[in-house]
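What follows is chain A paired twice: with chain B in the first complex and chain C in the second.
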Partner chain A sequence: MAVTTVPHAGVHDDGPDQLYVETRELRLQGFLLFLVSDVVLFSSFIFAYLYLRNTGNVWPPPGINRLDVAFAAFNSMVLFGSGCTMHYALENWKHNNFVKYAWCMIATIVLGAMFLGGQGYEYTTLYFRDHVSWGGSGIFGASFFTLTGMHGFHVAVGVVYLTVLLLQSLAGTYTKDKFFGLTAGTLYWHFVDVIWVVLFSIFYLI
Partner chain B sequence: MNWVIVERSVAAVGSVVVFVVAVIALKNDWKTPGIENHVFKIMLGLLALGGIIAFLAGIDVLGRFGGAA
Partner chain C sequence: MSEATVHSGGIADHVHPEPEGFVRKYIFSIDHKIIGIQYLITGFVFLVLAGLLAEVIRVQLMHANGGFVSADTFNEVYSVHGSAMVWLVIIPLVTGGFGNFVFPLMIGARDVAFPWLNMLAFWMFPPAGLMLFSSFLLGAPAAGWTEYPPMSLQGAAGTSMWCAAIFLVGVSSTLTGINFLVTILKMRAPGMTFTRMPLFVWAQFATAPLSMVATTALAAALAALFMERQFGVPFYDPTKGGSPVLWQHMFWFYSHPAVYIMILPAFGLVSEIFPTFSRKPIFGYKMIAFSSVAIALLGFMVWAHHMFTSGMAPLLQLPFMVLTMLIAIPTGIKIFSWVATLWGGDIRFTTAMLFALGFIATFTFGGITGVFLSAVPFDLHAHGTYFIVAHLHYVLVGGSLMGILAGMFYYFPKMSGRMLNETIGKWTFWLFFIGFNGTFLPMHYLGLMGMPRRVAEYDPQFQQLNQVESIFSFVMTFALLLFFGNILWSIRNGKKAGPNPWGARTLEWQIPSPPHYYNFKHIPTVFSTPYDFAEPLPYAGLEEELTDSPGPQAGH
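For the complex of A and B:
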């Protein structure tokens, strides 16, 4: 009977680089599965919102002001812009432009934090000026704050994640050939961008 | 200062920049192999779509109906 040995960090003959090559595809597939599970999570809430919205005759419900499209479009641009800077951060890393990479990462983190600040401003305005809340405004408030809050949580996690990635890259954790963490970070950030394209459309535009 | 005009202007100009950058990145990555690059292409395409949507919202073409102001 053939015996298969499992490579292990530290005892493998070719060292951790060989282990990295062998496990990279598996880690990538695992990360993509995580993103797919997040897509399912958001999709279930989005379809629930669309279903509930279509059951009402008037939308938004009486007594609730329409959402501020101009500010939301501005805030969306902040997030979409961060998607572009994140993409070029990874490209610069691949092409050994470390300084440009670092600036692109910093820009992404700052823009992500700005988006969260904008969302906080919007929540505050909705709560104090328009008296819209999660529990007190029916389906509209519950759907809006649940979905945008869930997305905001993902952005907040992403900002922390990218900050950790930047610090790791400054500390020399990644090399030109070993940078799976940066690839995963870029995939994650594009994911939160794409989710916002959908949320922006369904809450503010249709 | 009318902040709505400022917000709409920044959104419109920014969305054009995002669209152009996303399309250029998509073009550069078009022939790159690998699963992650295929996912990047899908996401860059959707980012470009987001740029178009935000541009239309910025110039007040979209967002005038339903739940939007």
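For the complex of A and C:
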């Protein structure tokens, strides 16, 4: 790794031009609105889950064990940890520490992948040991696998997205002044974290 | 760059390179004006197809025992007719079509915030339409445009196709909503504060969050239905613990706001037309603007009034009933403001104005039957009858479609540089207005007498009125054919329009027709609302727009 500081815009370092500043504002707002619509998507399924759960008398439905809270809590810590490393990645970028930034990004990607691995382990245990499946276990399987699967899909997209961002920053796409992609990646990753807080509470805790 | 440095160099001055070649100019264009026209053309093509389906319905109902098509086909026909009219015709026409073409010009922008996203959103729309109409090949959806489970769970394979098609339109609609919202928030010309925006922009501003938020909820409902149909994942099937009422909640949480997605932009269009053809400032500018937002907010809190007969605690029915009735207040404010705009005005009965006036009459009628239906006891009586069909067609055809037709006569000169033929236009209006009322007015009576909707055969006592309706529906169809003929003829042979044939005052009329790809040579500065007909135009920086001076350079 030859570069140890974040590359600067242009030779004169007179900051980003007006067009970039305004375009960044537009993109930021557009991206936040996209996240809002994604929140609505999750909220709709969460509403569906709570609605269906409320129609029955007991939860989980007869014949299905309670979910393994301990393992999921550990897996959640992995995801929340990746949120921290993501935060430090962006801060280090802003403060010009390219090496620390890169290591934080790598940590985030690895932790994200670990979370996915944990979820895969949980799914296989549920399927092979407890015989709980997406289509064959009534509204429990439907709501659990749909919502956590949607979230897992978001995490997977995030892992790929962050990898691309890391490669782009290694290739010099972003500078100290122009790094909207990294901001968007951070926002997205925090969004995925927050959604998981809600999903963990409604599936494992209540 | 050096010539343009007098400006800020920001997004307002940014110009895309001039598109070259037919494909980049007219097919995969990123120009909001071309995309708007693409939406209009595609939407009108789907209007013809869905209109033909409507005529199949009317021909079938000419006789009490049907006989034109089988009962199963009839179910498919009205289901696809309804779905297509809502998702492929009205919503794309008022948001994608008029929204795209008009409002960036109105706020003095060179394009929307995300032109490529705009193109992507448009190109999701024609495939969705093809999917919906081709579902007939697989056995089309047959449970009405609302596709309530469990019927939709048992429907033919085309129902899954329907889910995918509507999902695609939904994604397109969400992207458009995000795009429009950011554009209105960030890309207004200098001096154009919120209370100086034209009312059509206000209407789009109220609509965009609806298409963004509500449509996503529909996407969730559709995805769940699709998963249940294709993979047996139980959400709605009561035998597996699911709930059909869940679908109704999720569907109407979208589809009630969708009603306002369809009507608010039409409100916006007529709010532009009334002051122009009354030569008078719009009455109650702020009230019209804020009432759009009020309608949009209230629209999210009333979805369950569609479900009074689905089994709901009486305690819950009351707030939904009251909130629904409250919507009549902002709507009434608009209607009174329009009438007050006309009062004492120097009214010019152009075709656009006739359609806008017809809009007031029919929409008010449809709005009032809406207040009837919000009352629980009345709704229990009228639910599932032709009264509902009458009500929804009064607001969607008499409201949205009349608004679209008014908007087409008003904006066609700006789009093409040529006028639509006014004589044919007036014939179109009267035939359409008479045909429309003749078709749908008797349905109120039929509904109250107990004729159920969505039936292929019915009690012979209703036959006479149904025949009357069918005949009037042919008149309405003929009027629409005149309209399309008028467009096809006028696009080549119409009178040259010039930049501002109506003497209108909003920004889009101060530049050539059709506008250059960069819209404005210099981004204007705005000093006031556009509606003060006694005052000089409240803009600066437009001096060169109608001259031969060269346009701005690409890049900056």
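Note that the second predicted complex is superposed on the first by the 188 of 206 C-alpha atoms of A that agree within 3 Å, B and C clash if a C-alpha of one lies under 4 Å from a C-alpha of the other, contacts with A are read in each partner's own complex, and residues count from 1 in each chain.
Assume a residue touches a chain if its C-beta (ideal position, glycine included) is under 8 Å from a C-beta of that chain, and two chains touch if they have at least 3 such contacts.
Bear in mind the structure is a predicted one, so any value in this text is a computation, not a measurement.
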Which superposed partner A:Gln29 touches (first chain B, second chain C, both, neither): both
Which of chain B and chain C A:Trp59 touches, first, second, both or neither: first
Partner chain in contact with A:Thr146 - chain B first, chain C second, else both or neither: second
Partner chain(s) touched by A:Phe203 [first = chain B, second = chain C, both, neither]: first
Chain B versus chain C as contact partner of A:Thr124, first or second or both or neither: neither
Chain B versus chain C as contact partner of A:Ser37, first or second or both or neither: second
Partner chain(s) touched by A:Thr186 [first = chain B, second = chain C, both, neither]: first
Partner chain in contact with A:Trp134 - chain B first, chain C second, else both or neither: second
Contact residues of chain A, present in both the chain B and the chain C interface: 25, 29
Of chain B, residues touching chain A in the complex: 3-4, 7-8, 10-11, 14-15, 17-18, 21-22, 25, 28, 35-36, 39-40, 43-44, 46-47, 49-51, 53-54, 57-58, 62-63, 65-69
Touch list for chain A against partner chain C, complex: 17-19, 21-23, 25-26, 29-30, 33-34, 36-38, 40-41, 43-45, 47-48, 51-52, 55-56, 61, 134-136, 138-139, 141-143, 145-146
Contacting residues of chain A [partner chain B, same complex]: 25, 28-29, 32, 59-60, 65-74, 76-78, 80-81, 83-84, 87-88, 91, 140, 183, 186-187, 190-191, 193-194, 196-197, 200-201, 203-206
Chain A contact footprint on chain C (complex, rising order): 8-12, 14, 113-114, 117, 174, 177-179, 181-182, 185-187, 212-213, 215-217, 219-221, 224, 227-228, 231-235, 240-243, 246, 249-250, 253, 556
